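Quick notes on the structure that follows.
So that you can tell them apart, the chains are marked A, B, C and D in the order they are listed, and the count of residues begins at 1 in each.
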Amino acid sequence: MSDYFADTSASLVSVAKSFHARGWLLGTSGNLSVVVQLDPLRLAMSPSGIDKGELTADQLLSIDEDARVVSEHNAKPSDESLLHIRIVRERGAGAVLHTHSVWNTIISDLYASEGGVTIQGYEMLKGLQGVRTHDHAEWLPIIENSQDMPALADVIGKTLNEHKAAHGFLILRHGLYSWGDTLAQAKRHIEILEFLLETLGRMLFIKQNRMQL
Amino acid sequence: MSDYFADTSASLVSVAKSFHARGWLLGTSGNLSVVVQLDPLRLAMSPSGIDKGELTADQLLSIDEDARVVSEHNAKPSDESLLHIRIVRERGAGAVLHTHSVWNTIISDLYASEGGVTIQGYEMLKGLQGVRTHDHAEWLPIIENSQDMPALADVIGKTLNEHKAAHGFLILRHGLYSWGDTLAQAKRHIEILEFLLETLGRMLFIKQNRMQL
Amino acid sequence: MSDYFADTSASLVSVAKSFHARGWLLGTSGNLSVVVQLDPLRLAMSPSGIDKGELTADQLLSIDEDARVVSEHNAKPSDESLLHIRIVRERGAGAVLHTHSVWNTIISDLYASEGGVTIQGYEMLKGLQGVRTHDHAEWLPIIENSQDMPALADVIGKTLNEHKAAHGFLILRHGLYSWGDTLAQAKRHIEILEFLLETLGRMLFIKQNRMQL
Amino acid sequence: MSDYFADTSASLVSVAKSFHARGWLLGTSGNLSVVVQLDPLRLAMSPSGIDKGELTADQLLSIDEDARVVSEHNAKPSDESLLHIRIVRERGAGAVLHTHSVWNTIISDLYASEGGVTIQGYEMLKGLQGVRTHDHAEWLPIIENSQDMPALADVIGKTLNEHKAAHGFLILRHGLYSWGDTLAQAKRHIEILEFLLETLGRMLFIKQNRMQL
């Protein structure tokens, strides 16, 4: 496992720096994980309170299915580790990524009363695993924010069960979660959803104005 | 050909990384090609499903006039290879680039009902090959999106014939295609058209509001 | 102190380059300081009129509690050194950072008549030192701009006393100040506040339009 | 002169790459010059049609007071070399920079009918050479675009004479010119004016909407 953990950690750090540069992980926000062993479950997980632009591979924690640190670190895992583990369990994901962008925050707010947002008709959707056409309608659920992590994990579990085709979800005024079979797929999903949320936000705005004319 | 292929591939990778950094090739979207031999036709082409920010020269495929891989790769060429080949045939292009940006997506949507968008009066237009003055009116056709690539290639062929002066075209809610005699010229055309589409999008928005006052 | 000054200086330069790249320190604007000694007080401070994208560690000045240069530099410390020192005194800060961003300039203008702006309900707020929940309401005071630095320092001192929970403040059409126990914490606070001010600016705009519908 | 030319060229390349990364010199647009000798006048000038993100020091041309190439280059100097030379003559500038940004294009269009735009009340203005307070009102003239370079140079000469305090000017739907005693000062001026034009553009937009409420 140790070589695999090292390789995976380097890739995770590279994704973290790339997303930080785009402004999606500012101020130590967001977190990233990769499954490095299935039985018993072990995740390489970004620690709490770390600048993602300065993250190093040796800062990554190995955590178990209860989000306890099993590596020899004094660092605290992210509070949201439980959410990562729930997503891994529900989706069989190999990697889970969580970003805080300006546009995902805005869309989560604007569509909160509708419980989610449908994204349809964009070629970009084809990059989501299993999607074959731009006609695909992606429903991105929006979940109420909470500081009670076990409760939030349960809401996420329930939401993922209700929306089995969803490739991600938003937490209200908080951020975006997506995942993939591999880290590369999870990264791809985040880039696609962030792109579409920005497009949606800017389009919505222009169309509102058009309607007034 | 092999040295030329290697040099060209390195340049293509550099363009891919630059455009990915600008957010124009997120989530493995977009694709890039350069003609490396005319007879029989050979293109160096980005493979399907690859992160353009992580692209390496040895991942580039050599494809023939029917978009079949002729190099010893197991990788699949982009679905849109047929579109690249059609553009090379119609325009005698030496390179074809295709980007997915937020602003080209938005403009393709806002002007879809008009079948295209005219861009006129900007100094930036002078950077398009053969354009001598900012008074130039560039008509950028907008094509309906489709997953039927041979059919889409035919629509593109027809569109390029109808609009012989066009330096690029948009596919609805999908992206921008442009090309050039060389890779450097194609890159220049993409940068110019992306700049103008963003300018147009922001201007349109402000002018709509102005009209209301 | 000399080793510590060197290490700290390298970190300060890294923060400066990162913020300059994001467009928060354009045109030699903004300034940065770290406390390198408490008694007597010594700050490592960015000099006046230096391009923050080209800043080098050996350009940093050591200044005393009256903003006099105590290192062997001919350079002039930033005019705003007195403001940094006042913040260090009032908050016991270990580092003070000041950015000029487009969005902090805009928000300082839009909310000036209210004397400040409340930011509430965003998960990002949890990254501010001592904040435990997204329900936290952060009051960011807005201070009138002035070229009289001792007078401005007094207004800042008074403002910090009145708003003891504030993690930063805005100066009208001028910029954002934030601080932290450490440079890393101050950087985190700036990134969080800049993110929230951009989000607020974009949201406000969309919501204004919504109200019209 | 040769050593000085080499040092200056390296700095000019660094500025070009930085501005290209910000999207201010896309598609071979814009140009940059530094005075390397006063009598007879010699400028190091970016050549025509070069990608500013790929510019190298040995591509820079040495041109004389009539914009003729005096170095052993086959390359063509930028069409706008005459404008640079006029600015050097009128202002005694040591460096002239010209950028094409989305926001300077937009502002040049929105304020064209007024012949210019006043920027007042921003702290950023203090970074313009000789400006002591944010209360300063900077008048940025807007000039009609033209492909007749000698005629355009004359209009610029006349404009600079009429507005002796101006630190830059806009050409309609074309771009921004600024300059400085040194390259560093010219870079500072461009960064400041680009920042202020973006701020103005976004503010104007929000305020228009506010007026409607």
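Keep in mind that, in the parts below, a contact is a pair of C-beta atoms (placed from the backbone, for glycine too) under 8 Å apart; a residue touches a chain by one contact, two chains touch by 3 or more.
The structure displayed is predicted, hence computed values, not measured ones.
Steps from chain B to chain D, taking the shortest chain of touch contacts, total 1.
Here chain A and chain C face each other with different sets of residues for the most part; under half of the interface numbers are shared between them. Averaged C-alpha coordinates give centres for chain A and chain D that are 42 Å from one another.
Chain B has its Cα centroid 30 Å from the Cα centroid of chain A. For chain A, residues touching at least two other chains, in rising order: 205, 209, 212.
Touching chain C in their complex are the following residues of chain D: 18, 22, 121-124, 127, 132-134, 184, 187-189, 191-192, 194-195, 198-199, 202-203, 205-206, 209-210, 212-213. The residues of chain C lying in touch with chain D in their complex are 23, 26-29, 51, 53, 100, 102, 105-106, 109-110, 145, 147, 171, 173-175, 201, 204-205, 208-209, 211-212.
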